[in-house]
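Report on the following structure.
Order as written gives the chain letters A, B, C and D; numbering starts at 1 within each chain.
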Amino acid sequence: MTKISYLPGHSGSPGTDALPPLAESVDYIASLGKPTAARVLMDARDAGRVAIQPRCGVGGHEEMKALLRELENQAAPDILTLTIDSHTRLKRFEQALRSLNRAPADLNGYPLVSHGYLRGREVNESVTAPLEIRHGSPDARILFDVAVASGITSFEGGGISYNLPYSKAVPLAESLAAWNAVDAVCGELAGLGLIVDRELFGTLTAVLVPPSISLAISVLEAVLAARAGVRCISVSYPQSGHLVQDVAALRAIPVLARTYLPPEVDVHAVLHEFMGVFPKKRGNAEDLIFYGALVARLGGASKLITKTYQEAFGIPDTRANVEGLRLADRANSPLLDFVKADEERVADELSWIVDEVADIVEPVLAAPDTMTAVVDAFAAGRLDIPFSASRYAKSEIIPKRDAEGAIRYLSTGSLPFGDRTRRHNSDLLKGADSTGGPVIGSLLTGLTDDINYFPALFREIRKETQEEDAE
Amino acid sequence: MTKISYLPGHSGSPGTDALPPLAESVDYIASLGKPTAARVLMDARDAGRVAIQPRCGVGGHEEMKALLRELENQAAPDILTLTIDSHTRLKRFEQALRSLNRAPADLNGYPLVSHGYLRGREVNESVTAPLEIRHGSPDARILFDVAVASGITSFEGGGISYNLPYSKAVPLAESLAAWNAVDAVCGELAGLGLIVDRELFGTLTAVLVPPSISLAISVLEAVLAARAGVRCISVSYPQSGHLVQDVAALRAIPVLARTYLPPEVDVHAVLHEFMGVFPKKRGNAEDLIFYGALVARLGGASKLITKTYQEAFGIPDTRANVEGLRLADRANSPLLDFVKADEERVADELSWIVDEVADIVEPVLAAPDTMTAVVDAFAAGRLDIPFSASRYAKSEIIPKRDAEGAIRYLSTGSLPFGDRTRRHNSDLLKGADSTGGPVIGSLLTGLTDDINYFPALFREIRKETQEEDAE
Amino acid sequence: MSHSERRLVILGVAASDSHAVANHLIAHALRGLGFEVENLGTCTPVEEFAQACEQYPDAEAVIIGSLNGHVHEDLRDLPAAREAGRITCPVIVGGNLSVGSKKDPRDLERLKALGVDRILQDPAQLLPALDELRASRTADRQRLPVAS
Amino acid sequence: MSHSERRLVILGVAASDSHAVANHLIAHALRGLGFEVENLGTCTPVEEFAQACEQYPDAEAVIIGSLNGHVHEDLRDLPAAREAGRITCPVIVGGNLSVGSKKDPRDLERLKALGVDRILQDPAQLLPALDELRASRTADRQRLPVAS
């Protein structure tokens, strides 16, 4: 591979100057002869199946093409991914470039900006499935421009969801503005006839995220995106691990879309297979992978982002990725039509989720300027996420799994919940595990058990709150 | 590998003279430090999980050990198999030996008799799971003796089920007598403290076998086995592909056991994953494999015999076998507790199955000598199987799938069914596909479609009865 | 068949092989096409095919199915039966013709070497193959006197 | 802790890494053990660790987590910071220390070469490691005057 000594744009520093005009990229995409991601999602929804997509990204260019080709040949996912390395995500382009030149295998993703859009097009042309950029950039403007120039038709992220879990010190006002710029370009592209699928990262910090937090933040990002001109929005939701809760949360997505979004925006529900601490043993990890895929089906998701049995260990190799995709696709089987969720409980759960989301988002949407209202609400804790990587969320809310494993609020922090919601949550937690020990200690061990929910469920590790094992 | 120029027993011809006495083999088995198959089945049932077992057998000795070790290392099945080649099954020992010496890869199984019991012990010692012999021998006496001497604790077959599907011209009286001898040795072994699991081959000819035929023949074989002294009986049933029918059939097994067998016999339900024409595309085959495993779980089977995605093509390679086992084991996942069959329909179906079995077996069991009664009943068509390989069954009954895919009787031939059963079957078939064409022609195309049920369901092939496709 | 002449074939499954379903269906189908089918069924050694040929000297082909992968060993006596003039009509073989899920074309060569005239995949190929074989035999018979 | 002395550690996650959960829990746990924890949180470049060391000269260790596989590039400036005397206390690193699901011990060697003193797997190893490091530093300090 020839070393890269430049970055796209003006010499020495990253930029978009050298990129082709939007209209050229739109023509290029049309010439590719592959469907857009938006089209694939629509077709999947119409066919009543869940489109399948892996996470995948390696540093080297040839390696990236080989990886995608192999995944396509062996597992034929509906959409493929370029996962971007975490230097690029944080605009640490210099570090990304240095790693790329010295030891590309040290990168945890494909540094698209460093490779440049011509290589991006090469990658795109190497497979027949459309590509999505998955990353985690508080400010993704440069990356987005290179992605569009590469002919990539799906782009993940949002001003809240790609800030708080992914950086420490980027003010929300900055990330919201940066993503507003991205969404505005999507609007322009829609005018040119190209619908870019914009997936929001409802997964957030991935660990014990209450559904109403995930969905509320997606609603706010979706409203902003739609206003900026985005026409296809994928609302992703991270599997909590509790079937009824997850099915209800997925089914809440079209309900919320009808309430908060204009009808001309196409909204898809997307499930991210369990994003928290994965079990280590292969069979257990695979149980969880299949279960996630089944939940996506039952929840009516248009798309599923898969995991692999190597999740607990590190970025998976190609074969593990292939097997994860294949296993997940089994949940699309026509033979499983008989598998049902408990519809009554789903309906009940769904109505609570929709109410909680309303409690959270409506005060924000009632304010004159939504972006400012979002910034203020996070500063005051009226919007919040657990385990924030960023200073700009308070992480006052405390999640807890109830006796059945669904994620509830042990503390709702400063969320503007009504008494009814608060009472409902504490009622639900009555049966949950708790030691008789001192409050803080038990809170932490309880939390650790909840974080390690699946390894504990599969008895890979002991629960901290169960000193004596029942067996 | 050194060539084998002898067969166990006296020089030049097969026999058991050189085999150790039973008591020595019982001691040997105790010294192995592995559980018997009967124990593994009991443990699985107690734990509420389905034990998993592959089919596997290759000609060469080293190859056989390597195959088993690889399956155990990579997929840890609960029980392992020695599938025996079809020369040995038919006591064509000379042909088996010749193939073994010339081209062991030409054998479709492990010729245990030709290898001899010392090698059998070596194979046994190479893995920690207990072994079962799976074959298809109308007269298995020599094979059984070598198996016991090899320390193998599970042996498949029966005087009806390993005759009619597996040979053309062995009279039933002969095979029944031969299997009676095998079962009597199992009785002796029980006296010496060793419980041999005797699996009956309810799969029969595998293609469109009505559940009540499969179960009726297993009941008759089980009664004979129990009388001869067998203490652990696995009643296997071949997946029809219709969930309610299959779950009901599996759950009928303990019901029938309580009715027809003495309480001291331990009876296990075993599911054979779909044994008919398999879909060719990997994903479709895998859908079917997983579905089968789920059916086994819902039906409360103690054990599942797996298939692989190469089923339609030929004897699978090791990797395909590993993947089939792993995939099937996912159905044991604790995360799938929520998956249920329609209990009301299962109960209804179960009661019909039990009634049909009673109609078939009770006249035979009422006769003074059961073996003679079996022989006479087959000669008269009062017992029958479809697609017999043998002259000694009439194959007058004509199976047909109903509109939902369950296997019914289009013609009950000379089965001693009451009017109620007959009417029920024809009612069930009212909605089934049928062309308006001439009766015989449509019968054959209808049958072909039913045989190709899964390839057609997955749209790998067109149905013959649907000239115009609806799409 | 466009002619009224009797056409008879001998059908069966190889010696160690008990797969009955395709055999049942092929017999049905050929009878539907107007053939007389002497169906020897499953587990039929070469010896039994040879005897049937002796019994039905006007048989236009012996059609052997094999699914279990043992076709080579099962047809081991075919060259001897041919040499002895006991099987003179063409031999057609079909089914699953080796052990394993990946197929090696050399296994078909080995079959040819045993004296098999036609190897077919699909039973639907049987009628054209039978017609062709018969046409070429008739042609041969007609040509022979001219040549001698 | 069996003594009343103040023990302070500097904690953080490497520069390109935003994994927050282990960081939250480790900070909680160390505080529970009586430590003062200056938690710099996620995405902390070496420069920020160095500044904290200057601010807290009595810090007994810098504890760095890295999960995303980028630890080597993220700690690239560590040797310079050490050479410049800006980080003098021991540096402890833990987490997921290379990209990929199969781990090569050479990647840990590369870390040592960057000047990392201890590489730990489990946060439970932190307390014994801190105690040990402190004991040996105290011993060093006590020994030094004797030797000089």
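Some notes on this structure:
One rule holds in what follows: contacts are C-beta pairs under 8 Å (C-beta built on N, C-alpha and C of every residue); 3 or more make two chains touch, one makes a residue touch a chain.
Just so we're clear, the structure is a prediction, and the values are computed from it rather than from any experiment.
Contact with both chain B and chain C is made by no chain of the assembly. Counted as hops between touching chains, the shortest connection from chain C to chain D is 3.
Taking each chain's centre as the mean of its CA atoms, C is the chain most distant from chain A.
Centroids of chain A and chain D (each the mean of its C-alpha atoms) stand 31 Å apart. Chain centres here are Cα averages; for chain A and chain B they lie 47 Å apart. Centre-to-centre separation between chain A and chain C, using Cα means, comes to 62 Å. For chain B, no residue reaches two or more other chains under the stated contact definition.
Within chain D, no positions touching two or more other chains are listed.
If you check each pair of chains against the touch rule, the ones that pass are A-B, A-D, B-C. For chain A in complex with chain B, the residues that touch the partner chain are 243, 282-283, 286-288, 290-291, 294, 326-327, 329-330, 333-336, 338-342, 457-458.
Remark: chain B residues 85-87, 89-90, 92, 95, 98-99, 103, 105-108, 136, 165-169, 205, 207, 310, 313-317, 320, 387-391, 395, 440-441, 444, 447-448, 451 touch chain C in the complex. Chain C meets chain B in the complex at residues 15-21, 24-25, 28-29, 32, 41-44, 68-70, 72-74, 76, 96, 98-103.
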